[in-house]
Each structure stands twice: as C-alpha cells, then as structure tokens.
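Think of it as A, B, C and D in the order they're written, each chain with its own count starting at 1.
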Amino acid sequence: MGSKKESNFLNMVLTLSLVAIIAALALGGVYVVTKAPIALAKKKKLEAAIKKVLPEFDSISTKKFLPPGGGDSLTFYIASMKGKTVGSAIKTYTMKGFGGRIDIMVGMLNDGTINNTAVLSHKETPGLGDKMDIKKSDFSVQFRKKNPSSFKLKVTKDGGDVDAITAATISSRAFCDALTRAYDTFESQQANLNLDNK
Amino acid sequence: MNKFTISGSPHIKSDESTKKIMYGVVFAMVPAMLVSIYFFGFQAIRVLVLASIASLFFEWVIQKYLIKGPVTIDDGSALVTAILLAFNVPSNLPSWMIIIGALIAIGMAKMSFGGLGRNIFNPALVARVFLLISFPVQMTSWPKPEGFSIGLSDATTGATPLGIVKEGLGAGKTMSQLKPEIPTYIQDLMGQMGGSMGEVSAIALILGGLYMLWKKIITWHIPVAMLGTVVVFTSILWGIDSEHFADPVFHLLTGGMLLGAIFMATDMVSSPMTHGGQIVFGVGIGILTVLIRVWGAYPEGVSFAILLMNAVVPLINKGFKPKRFGLKPAVSKKS
Amino acid sequence: MEYFVIIIGSIFVSNIVLTQFLGICPFLGVSGKLSTSIGMGGAVLFVITIATMFTWLMQHYVLNPLGLEFMQTIVFILVIAALVQMVEIILKKISPSLFQALGVFLPLITTNCAVLGVAILTVQKDFNLLEGVVFAMSNAIGFTLAIVLFAGIREHLDIMDIPKQMKGMPIALLTAGILALAFMGFTGLV
Amino acid sequence: MNQLQNFTKGFIKENPVFILLLGMCPTLGVTTSAVNGLGMGLATTFVLVMSNLAVSLIKDFIPDKVRIPAFIVIIATFVTIVELSMQAYTPALFESLGLFIPLIVVNCIVLGRAEAFASKNNVLSSIIDGLGMGLGFAFALTLLGSVREFLGGGAIFGLKVIPGDLMLVFVLAPGAFIVLGYLIAIINRLRKA
C-alpha cells in the first residue's frame, strides 16, 4: 500500500463498480430495515389527525370522492364504533392560501356538523397565516360543533360568520374554502356514504 | 485603494452643499408635517419627535463608537431619514417599534454601508418594509384622520383606500359598489383618508415637490417618469374594465404614490446619476408599483417598487454611463 | 395560464436564491463581477434544464417502476455529475466559443445545490415533463436575475468605503437580506 | 497537529460557516429555529464523519481519476441512510428540514473534507476531523437558529421567553441573510481583537 493505484481503465471500472455495489447493498439493507418504521410513522401521523377530529371509534373505511366544484378528489375516512358510523374525517385542501396549497383534515359528524379540524400542511406566513394551526392560535376553535348549514363558512368581511385572523384575511378565506369543499362533497355524496343518520 | 479617484453617487464636494440640500428637503416636508399634525394630533408629534431623536442618536453612537470616524449628525441627512420614516408609518405605531425602525434605517440600511452616499437602498424605505413585514398588524391599523386631538388614546382605525379596494375586489365586489366606501378625490387631496402619517395629503406633498424643483434639489425626471407610467398603465387597465380596476386618478392620489415619487424615489444617493437613467428608474418603479398594487398580496407597492429599483441602479448607471472615446463596450474593466 | 403561474412564481414570488436559499454558494461566490455572474447564470440555465429533464425521465421510467424511490438522491447526483462532464466534453467539440464562455463554471455546478434542488422539487411537485422543464428554466432565470442584480450592487460596493468589519461577506449578506426584503413585495402575485 | 487541535479547529479557527463560508444553503435555509439548526447540524455531522471514515479507509484503493465520482457515491449513500432513518424515527424534524436533507450531498463541506483531509490522512485523524468540522457546523447553525428564533418569536429551543411575536422578519428569508451577515461581522471583529 502507501502508493496509489494506477489509473488504468480496468482499475477505474473495477473500483467504481465495487464502490457502487457496496453502496447499493448498504442502501438496500437500510431501506429494508427502515421500511416498516417509515410506513408506521406515516400511518401514525394520519391516525393522529383522524383521532383528533373525530369522536372515539374502533374501525375506519376509506373512500374517495370528487368534490362537486371540480378539482382533486377528497379522501373520506369513515369511522365507526361498534358497527355504527360516528363520523367522517375528510382530507380536504385549498389552493387559495397565501403560500399556495393548504391541506386540512375535517371531522364531520353524520349530520354534517364540524367536530374538529386539523391543519396537515401549509406554507402560510409565520406569525400571520400560520395562526390557523391550533398550536399557534385559537382561530380554528370557532369551527367546532358548528354546522355549515347554519354557520356561514365565510369571513365576516364577506358576510359570513367566521372571525378572520387579524391581518391574514387571505389565509382565513382559504381555510373556509377548504372546509366548504369538504362540506359540499359530504352533502353531495350523502347517498354513497352509508351513514347511520338516525 | 483608489477611493479618491472613483466614488459612487452623489459626488458631493463639500459638507456645506450637503447640508443645504438636506435642510432644503426638510423644509419641503414642512407642509406635509403640518397636515399630519392637524389630522393625527399629538400622536403625529410623538412619532416625528421620537423618530428624529432615535435616528440622530443611533447615527451619533455608530459614528462615534463603531466606525470611529467624524460625527456628522448635523448634516441633516439623518433628520431627513427620520422624517421620512415617520411619514411612512401609522401615527399610532407603538414607540418601541418606531425606535426599531430608526435603528434599521440608520444602523442597517445606512451606517452598515459606510454612511451617507454609500447606501444602496433608501434607508427610510428599508425600515418601512422591515416594520411592515415584522409587525403586519400594527403597521396596517390606520387611525382615521379626524382633526387635531391631544389624546394619546387609540383613535378609531380604518383601512386605507387602497386596502378597501383590494379587499373589496378580492371579495368579488365591483368598483361602483365600492365607490361609497372610498374617500372622494377632494378628500384625497386634502388628506382626509386613512394612511401613513405623511402620505395623506396630496396638496401638501405637491407643494413640497414644487419647492424642491424650484430650489433645484430634485429634477423632474424621476417623479414624472414614475407617475406618468402609473397613469398610462392604470388607464389601460381601467379602459379595459372599469369595474375591476381602479381609475388612474385614484392610483395617483392614494397610498404612498406621491410621497414616494417626490421624496423617496428622488433620493439622490440611491437613484441613477444621469437623466436617461432616472427616466428608466422612474418607469421601472411605476410598472412594479402597479403590478404589486393590482395583482400582489400587499395593497401598496410603492415602497417595494422603489427598493427593487434601488437594486437595479448600479446596472442602470452602467448602461447610461457616458461612453469614453475608443473604449470597447466590454463589461468587466474594473478594479 | 398554468405555465404563466409557474414562470412568474419561480422567477419573482419564490425566487430560488432569495426565498428558497438554493444556489447560495455561487450567488455569494461568483457575484463579484458582472461578466462572470452572467456567465454563471448562462451555465446554470443550461445545466438545470438538461438535468431536470434527465432526472425526471429517470424518476418516472426507472425509479418509480422499480420501486427504488429511496435511491433518488444518489441517482440524481450521479446523473447530474455525469451530465456536467458530458456537457463539458460535447461543448468543447461542438461549440468552442460557448465552451469558453461557460467552461470555467461547469465544474462548479455539480455542487450547486440549485441543480439538485430543482430536480428534486420538480418530482415533489408532481409536474409533467414539460411543466418540469418550464419550472427548471424559470428557476434558472430567477437565479440569473438575482445573481446579476447582486453583481451590479457588489461592483458598486467595491468602490465604496465600507466599514472594515462589514467588508466582504457581511455586507454581501446584508445586501442580499435587503434584496430579499424587497422581493417580498412580489408575494401573492400569482 | 495533535488530535485535540484537530478536533477543536472546526469550532472557531476554521469554522465552516463563519470563517470558511461553506455550506451556506442549509445554513440560511433551515435555521428558522434552534432545534432545526441543531438537527440539520447533527445530520450533516453524521454524514461528514462516516464519509471521512469511508474515504480514509479506501483511499489507497481508488485510482486518482475516479476519485471524485467514488466520493460522491459514498457521500450520497450516507445521505440516503440519514434520510431514511430520519423519516422513520424523527418524522417531524424530517418534514421541517425537507429538501435540505437530500441536499447535504452537495454541501461543499462534506466533499471538501473528503477531498482535502480524509483522502490524505489516517482513519483516526479523519474521523476526528469530520467530528470537529461537523460539530462546528452544528454549533454555527444552532447559534443562528437561536438568534432568529429569539428575535422572531421571543423563544429559544421552543421555550417562550417573551410573550407574543417579536419581529417576524427574522423567521422569514430576509432575516436569515441579515442575522448571518451581522454574526460574521461580529466574529470577524472578535477574531481581530
């Protein structure tokens, strides 16, 4: 050893292949080991969000529906307790945020009443729009136990019932937009949801 | 270092002429100052005094203890920055925020670059944008101008005309529906509208501008290019759809348009040297302002537009440098 | 309309350098002179566009079908490194003049995180190939805009008497900060 | 140079961020809070140490001409390992660091140390060099993150020190440039004193 290997063609190809093979093996190994934990971490996050927005449940079924206004389909996690549906967690979104897309999980009881909401991801301005997150302010509390049939999902400035976040009307409007999308889809798909309404 | 042969704008030969210019600008701002005191009362005096004391103090401390150079707080430039800063904030802004603004304007935008004549960006505007982004709630609660009052208590607040239009159009209303909510042009001219302290009265600002033109402190190129561009651009939009775009007069009289065009875009340190360059600079500010006002998230774009064009000034100066005979148009023959 | 949003969004609203913090090293390192900054901008435009095209194809026709998404980082960086080499060799042959202009910047580009960053972002944002290419080019234009503006300012600062503690990197970063402040005015434009 | 000097040089004398001015993208991009800065710093430290180790181990078997591609493969492998592990065990941090985790691969510090140090020194020195440089990087990022978090939100490491928001601009893009600029100016001044 001591002196470096000569750079002839065979040497170069051999070394590079060897390095690549070892790297691929190492990566494959790590991938196999971390695959289950990664899936678990993702599932946990989703479950935590569903649990947060719905009353207690013991099983979940998943359905996808297109919103009546057009756009990407929304995922419904229909939760039931002892065979009876207790509500649906709807993964909804809006493109109208200050920073673009916002994903929100909305829990709706069988009659369409909003049980709770949870912001899944957003790019809103820190200190302003990010107040829609329950960790930052109480903005989202006002939606709890409100039914959009009587509670107008619009900010007060636009003639609705929602108190906007100070200086972040755009983010507040976007939040309402996402909720409206969830509610409209929920209403239009009543027949396909098989909810235990009575 | 050959700093004695090459230096950036402005090419100020003596301290005396700087002083004369700076105090000329201060004098030109007196009408707007008086109007702001008339409408916003004691609060306006508080903002003006606090901004001035804080700016002069920071300039003195930094020159004496950090840069350890000559102290030139009496040249009037810090005072001009202070008054412009005060003009650019709502009159009920908490005192500590005004002090932060003064620190940003003097400490960051001016002294970090070496002081007067070396700053790239207009100090008062850097401070305004810094404050606007840092304290969005306080920087957009505009007290209603209600005539002189001695109280320091919170006055009722309302939106600026630009804010009303942006909000209204955003909510799907049309211009004719919004008409009753926004002030009339006569009110705009006098200053009866919500806004930053110094921007409310068009007449007072124009008076100051005329004085500076008369005293040759500024030339017509930048303000005329900027305002002309705004008029042309907004007229086109208004002509296409008068229900969803505000008319050019509205754009001219509201917000920081005149304050920016007369007092801030014309700042000789951060604007181009040649008249050709100044026209390009003014046109650029006009276009950017309308873009931000009409399509951006912020209702007012003048300060952003001026800062953005400040950044382009070195390039404009290169493009409009009088060419020396025999010099190839090569770009990199420096140092 | 879709493309318009991508273009304005990447050049102004979320400028790759001033709001996304990608490609900072060349932004600070190669912006001393206007001519070099223009050269760098051109080289980046060239490489980012080709690299995004290739990595997009790799992702959609090799990695995704084989379930090897986790190899993204390693595959992308190798594609980019190989591409830069190839571009260098091909340019030298086909267009010596272009090679002269861009050549010195090419080796620097492999470690320019803007290239890898844009390639990954294109996949993350679920763009189709054409959208991806438009996105890549707009980002490169945004990079060029930022670096050219910045070079102009720095040439200007060079002849100024800056306080000695602020000379060099501090004043460059401060200027970039104020520039980023001004760019915030574009928020919400699209 | 003894090993202690080898270890500590990364903190002050050759601090990758403040003195060598390397790795600016993650430095500016992730330091919205002290925790993010620390997380990014430690992830980079891991990659640095491991790639330094691997490079110094195999340096004698690699022909000179394919040196750089081989290094890149090694670094990318360790970056992917970090990526997968963080996704599995610290998903929240992984999400907030986002794009900047895969971008460790193009961090000039990592390739720079492999090329400038590990390919010329023995295994132990290389590990210590990687550790010192990595921790110096982590220290710089945590410092920057703390300052920005404090000025922007009145908190340090998530702990509220001052109620309410302070100056929001410091958690946004312009604040990153401004704070780093002044930190470097202060450090330059301290070094001269």
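Throughout what follows, a residue touches a chain if its C-beta (ideal position, glycine included) is under 8 Å from a C-beta of that chain, and two chains touch if they have at least 3 such contacts.
Given the structure is predicted, the values throughout are model-derived calculations rather than measurements.
**Q** Determine the set of chains touching chain B that also touch chain C.
**A** In this structure, the chains that contact chain C and also chain B are A, D.
**Q** Sort out for me whether A-D or A-C is joined by the greater number of C-beta contact pairs.
**A** A-D
**Q** Specify the chain with the shortest distance from its C-alpha centroid to the centroid of every protein C-alpha atom present.
**A** Central chain is C.
**Q** Between chain A and chain D, tell me the centre distance in angstrom, where each centre is the average of that chain's C-alpha atoms.
**A** About 31 Å separates the centre of chain A from that of chain D.
**Q** Taking each chain's centre as the mean position of its Cα atoms, how many Å separate chain C from chain D?
**A** The answer is 21 Å.
**Q** Mind checking the centre-to-centre distance between chain B and chain D? Centres are C-alpha means, answer in whole Å.
**A** Chain B and chain D have C-alpha centres separated by 40 Å.
**Q** Going by the touch rule set out above, which residues of chain B reach two or more other chains?
**A** 108, 130, 133, 136, 297
**Q** At least two other chains touched by the same residue of chain A: list those residues.
**A** 23, 27, 31, 98, 127-128, 170
**Q** Scan chain D for residues touching two or more other chains and write them down.
**A** 69, 73, 76-77, 80, 84, 168-169, 172, 174, 178 - these are the residues of chain D that touch more than one other chain.
**Q** Chain contact topology under the given definition, line, ring, star, complete or other?
**A** Looks like everything touches everything, fully connected.
**Q** Could you pull out which chain D residues touch chain C in their complex?
**A** 21-22, 24-26, 28-29, 68-69, 72-73, 76-77, 79-80, 83-84, 99, 102-103, 105-108, 111, 169, 172-178, 180-182, 184-186, 188-189
**Q** Flag every residue of chain A that touches chain B in the complex, lowest number first.
**A** 98, 127-128, 157-158, 166-167, 169-170
**Q** In the complex of these two chains, what residues of chain B are touching chain D?
**A** 100, 108, 130, 133-136
**Q** For a test of understanding, state which residues of chain D touch chain B in their complex under the given definition.
**A** 166-170, 172, 174, 178
**Q** What part of chain C is in contact with chain D in the complex they form?
**A** 18-25, 28, 70-74, 77-78, 81, 110-113, 115-117, 120-121, 124, 165-166, 169-174, 176-178, 180-181, 184
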